[in-house]
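By letter and in written order, the chains are A, B, C and D; residue numbering begins at 1 in each of them.
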Amino acid sequence: MSAAAAFIVWLGAALLVLSEGRRALALGMALITVGFAVLALAGVGALAASAILVGGGFAAGRRFRSGPDAWGVMPSGSTARVVLAAAVGLPALWISTSVMTGPGAPLRFAALSVLGLMTARVLTPSEPPAVLTALAALALSVAAAAGVAGTSPGPAVYVLAAIAAVGISLIPVRELDGA
Amino acid sequence: MTQILSALATHSVALVLYPGLLTIAIFGGAAEVAWTRVAKGQWVLPSTVKELRSPVVATVALFAMLAAVQVAAPFNPVPSEERNVIVAAMVLAFTVWVELALTVDLVPAPGLLLVIQFCWLLAVLGPAVQPESLRPQVLGNVLVSALLPVKVASGFLYLLCLPALLGLWPLTPPGERRARPRFDAVRALCWFPYCGLFATLFFTPSADDVPGLLRFFGITLAVAVLGIAAGAVMLRRGVEPARGLYRRAVAPYALLLLALVLVTSFLMK
Amino acid sequence: MPSLALLAPVALPLVAGGLTAALGLAGLKPGRAIVGAGAWVALLVLLLLWLPIRSTVELTLGPLGFGANLDLRLDGVAFAFGLVILVPSAILLTLQPRTWQEGTLAALGVAAAVLAVEGSGVLLTALAGGTAATLAVIHLDIEDIRAPRPPWGALLAAWLALSWAGGILQVVGGTAVYGAVPVSALTVPVFALLAGAALMASGLFPWRGWPAQLWSRPSLRAAGMAVATLYPLGFYLLVRAYEMGDGQYPQPVIGILLACLGVLVSLGVAVRAQAAVTRREYLGEVIPGLGGFALMAIAIGTPVGLVAGLVVLATIGVLAACLPLLPDRAGPPTLLTIAAAAGVPPGLAFGALVVALAATFEAGDFMGLIGVAGAAVWILFMVAAARAIGLPAGRGHPAIETFPRVAMALAAVLLIAGAALPVVVTTFAIPAQTDVMPRFAGLGGGLTSVSTIQTDLPALALFTPLLLLGLIAYGITGVFGTQRAARREPVAAAGEQKPAAPRSAPPRPPVFTIPGLDAPKHWLDAVRRAAVPEQYRSIVNPRALEKAAAGGRPLLWLATLVALAYAVNR
Amino acid sequence: MEPELAVGLPAVGSVCAAFLRARPRAALLAAGVFGLLGVAAVILTSPGATSDQLGLGLSLSPESRALLIASGAAMALTVVLAPLAVERATLLTWGLAGLAGMAAIAAAGSLELVILVVLVLAVLQAAAGSSRSLATRLRGPVLAAALLSLAAVCARAEGPQYLQRFAAVALVAGLSAALGTLPYMHDFDPDERTSTSPIPWIAFIGPVLALAVLARARELIPSEGGVLGAMMIGLGLLNMVWGCVASWRTENGAAAWHYSFIADWGLVLCGLGLAIADGQSAAILLLYGIVLSRLPLYLWSRQSLREKRPNDRPINLLAAAMLAGAAPFAGFAARVLLLRGATQLYWPLALAIGLALLLWLPPSLRLGRSLGLPRGRQAWGVGIALAINVVIGLYPQPFLALAGL
């Protein structure tokens, strides 16, 4: 179950990296949210999972309602992004399973994947909707990463991450990009 | 207070009378007259008092007095421990350049003269390095065999430099336009300090008695005569040989002396 | 007097500066009276604090927070250097006109310099000295930003180096308080740092340092203050180093090297001075020249040398007040000043230099050779002085800031003070010497003569009659009367057969020239002119480098991350 | 008093000011009151005491508290003495938002909280609009967040020892990315408004952020302190040299100021990397200097930079001396402490730092001149900034004591 959730998280992150349209971005965000919620439920508890679901869901919903009305998955010139999605996913998998030991490998994989891919998304030239979606996902992954520790971080971090994700997605995308 | 007044009186006497101004004037006057007789072939005396009433003469007289009281002349009222070869050397060095303050034209070949003065300074102060003393009579009294080479070499260098420092060499200042020989009061004031210092530094001190007095003045006079003779020879041979002597012989010789001082100090350490 | 009064010599100029600033900001013209009074009262307090008891007074005010304590100490050294700083400062602040900004900065600089010498530890001295340097530089820049001033970087480096030395002393020895530093903590490297700081702080180099360059400024208000407050501080460090080393430097060879450097400094000065084109250029070299001799004397490492060095510094202090007040035209003030500075007998400089040279011979171990060299340099210095009398005046500074009579009086004091050398030595230098060299016996001689190991210099008995004789002699030759009438150099005007030097004297050739002396300047110019050849400019392109670093390129960031990770796991 | 108030009151002030934008006086008044209350809350908070009212374990360290107070003071100084042309209410809005964020960062009980606050602050700043693209503006903070998160994962996961070292690398790199120092410099547009430029990160939020991250780092990777310190010192030296040289040689005046912050941060990183009391004290003094003097001076130089009218008045020279760290300014005391600290650790390091310190002077003279001729409020502001710096430089003890040192 956790492994599947982790895979879903990576899939969502990959979709965020590969897409430009609002539908795909929202779907990617939703996948990440669901994946992290499942992992949080297993690791921390229902409150944390709920917070993730609410925050991520709100962010996905906001994204679905604004931006160009298209899927925009893998537009032309996306080869590098495909490579990036794989290039981040595979080392993340290796590190979380082979280098790092102990239980919680799916969570580690999910957190590392989203951290890597969302950072890459922001660092490469992107449109504001994609950037803000990536940031919301990043906020969730930061909270999820706190669960890597042996001891539970408590639900507060997840709640704050959810608030951050909501806040980030509330930023209007118009007028954001510079001249 | 009495001691201070007594010291003031003693030093005043030394400065004014013996071995100060009066001695300087008598000895220097005689030596200068003799030199002009040898060099110019005529007796020249100060023609007017105005010739002597010059700030340069006054300044040199002051310096000469200060230098003269440093020599180990018998019956010198200045106590032996209060005499200092540096005072003598520096004050005598000052006398050479007083005229430069007036105009550079009155100093013949100032660069070369400066080199000669450095050589002379080495001859005066070089022998003081190893004994670590600056009392002139102590330096004169040094008879340690290891130090004798330095002392002898220094004495020789002193004598070599003397004609140039006293202006007995044939180099004349570029501004010198006088046809008539004149009595050089500045030089006259320097004869005794230079010659007396030589007698002090390179001969054992004379006793405070009449034979001692005669011995000291005998040596001093001999140095003056030697200087006059050397000056006369230089005059006869002309400007270029004199210049060559100082450039090519005296300066390298001074360097040798410096090396000798170093080696001696090192060996005696 | 309560020990809290130790703050007064620092606080009074500070208050005076603050008051001047307040009045200035209020639109009033505070003039020179306040800052002048502040400096004079500070000087008075210093005298009142020291002279009645003549023993160390301390004031502890607690830590400042960076390792230094605000602990003040007035001992012989602090008193001597306090005088060297305050006397010229007070004279200059009182006489020379300044704007309120300049007055404020000058007064603050005086306070900082006095704090530097009253501070009981290295770090407080570094802070205060650094402050004095900062203020001096700003003062100079305010007066004329285009005129030469000390390189700020060198001064900053000096005081930072001293701070570092203080830090090392605290780390190694547990304290940087002068009187408490363990002897073993003052190692050769630490001393080298300290000495380097001292040399940079006072510009003691064989080449033309800032103390000489300052005199070529169009105005000498700030220059005088900078020399008065900054120049003695480097020497102060070298003197205090004896205290930290229990009366000696860590290795005798260090003293020898520093003494040699002192002679080299004076030699460099003398060589430049004898080739000076104008009298102003020569006068600029006077203080650095004497500074070289002071360095030589202090570094010898004997009580006699130290005492002589301190007296030379006292001479420098008076000259620092005298030179800025000196008019550019020739005349008795100029003549007397040049004579006093060149060490003409029976002046204070003459006596001090004789004692200094005597100290080299008496120190043994080849030091006598340094003495021979020093004597030779003195002769050269004196030749330069004689030549300078007939030089053209050079660039003039405003007459309003010159005070010929005061300058002449100060020079006359220096010439007369030779007879009072034993008094100066006893009251000014020996207390400092006994403070930093407690294991050595002080100099004898009392108030009439200066006793070194082998000889006595009967300054009072010998120089007083000489002075009187000089007065009589010059009176007979009519120098005084002629000077008053002709207003030109006395030697030139007193009836010599040769024509006197005209008012605007023709240029005089240097006594000698040293080939290759300009080579370093040419090399520096060549280095300054050096540029990357056109064909290689695309390789070395600073702008492109800046763009790459500031561009925020993700690939570069990733590469640096990988590099860091590799570096720590290597 | 609880740290929550220290976060909440400035945040409320900022929100009030934003809502009352149309009525600047009311905005100024409301924001001012809340801001002052916020600073008072910071002052009254007991350093080290933990508050768990929100389940987050908030606590202010003495160092962070001291810097928060300094930041509040700096904000008050710049707002009260801002040139008339600048809208004070706007300045206060952004300043209070920053202050709230800083208080949150300082009080955060875990690294994740710090990262989240950084993300929110980055987005808030980016939302203000700028000539730079959104992605460009967010690059630095996002990279910082990602790296710090990565560091947390590496530090907490079980595995080989080198994971801890990777965590150290990520922490230092993340901190550098957040601050915008080399090698993660933020893209700087000289014509951009200060509030939306990288300057707030390096000069306002950065000091508290650095202390918070390092405090968390000490808990996360206690065994890798040496590696962490070595990297910080290395980056510190790099930033010192590059910052000074670039500040001196770059063509644009505003960019020169940006580089000068980087150079100062080089010193701070060295001080923090030394991990001994002297180094910490030096870093704190330098941070005081950045917040209380360099930042206000930068703000007051903007107009003169735009008008290109450099000046050489006494105040410019004094400012140059302050920026160069000459005595008696705070920079000198900090340098003394830094040199002493480096000597305790490894004396050649002190030599390297000492040599690098000499590079400060040329750019500082340039920056001092760039202040132009301050008049009116601006002149008072410059004077006060210099006076504060002198007081810290001459008597740093109370300021260090405030920071618990």
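The rule is short, and it goes like this: contacts are C-beta pairs under 8 Å (C-beta built on N, C-alpha and C of every residue); 3 or more make two chains touch, one makes a residue touch a chain.
Nothing here was measured: the structure is a model prediction, and the numbers come from that model.
Among the chains, the centre nearest to the mean of all shown protein C-alpha atoms is found for C.
The greatest centre-to-centre gap from subunit D, using C-alpha centroids, is found for B.
Taking the mean of the C-alpha atoms as each chain's centre, subunit A and subunit C sit 70 Å apart. Look at where the CA atoms of subunit B average out and do the same for subunit C: the two points lie 35 Å apart.
Note on chain placement: the centre of subunit C and the centre of subunit D lie 41 Å apart, centres being C-alpha means.
Mean C-alpha position of subunit B lies 75 Å from that of subunit D.
Among the residues of subunit D, those in touch with two or more other chains are 136, 139, 143. Multi-chain contact residues, meaning those touching two or more other chains, occur in subunit C at positions 554, 557. Contacts from subunit C toward subunit D in the complex involve residues 62-68, 101, 105, 112, 123, 126-131, 133-134, 137-138, 141-142, 145, 152-153, 156-157, 159-161, 163-164, 166-168, 170-171, 542, 546, 549-552, 554, 556-557, 560-561, 564-565, 567-569. Residue ranges of subunit C in contact with subunit B, taken from their complex: 343-346, 350, 353-354, 357-358, 361-366, 368-369, 371-372, 375-376, 378-380, 382-383, 385-387, 389-390, 448-449, 454-458, 460-462, 464-466, 469-470, 473-474, 476-479, 489-492, 494-498, 501, 508-509, 511-512. Within the complex formed with subunit D, the subunit A residues making contact are 99-102, 108, 111-112, 115-116, 118-119, 122-126, 128, 131-132, 135, 138-139, 141-143, 145-146, 148-150, 153-157, 160-161, 164, 167-168, 171-172, 175-179. Chain contact summary for the complex, subunit D toward subunit C: residues 136, 139-140, 143, 147, 162, 165-166, 168-170, 172-173, 177, 182-188, 227, 230-231, 242, 246, 249-250, 255, 278, 281, 285, 312-314, 317-318, 321, 324, 326-328, 332-337, 339-340, 343-344, 347, 350, 354, 357-358, 361-362, 365, 393-400. Those residues of subunit D whose C-beta lies close enough to touch subunit A in the complex are 54-56, 110, 112-113, 115-116, 119-120, 123, 126-127, 129-139, 142-143, 145-146, 149-150, 152-153, 156-160, 163.
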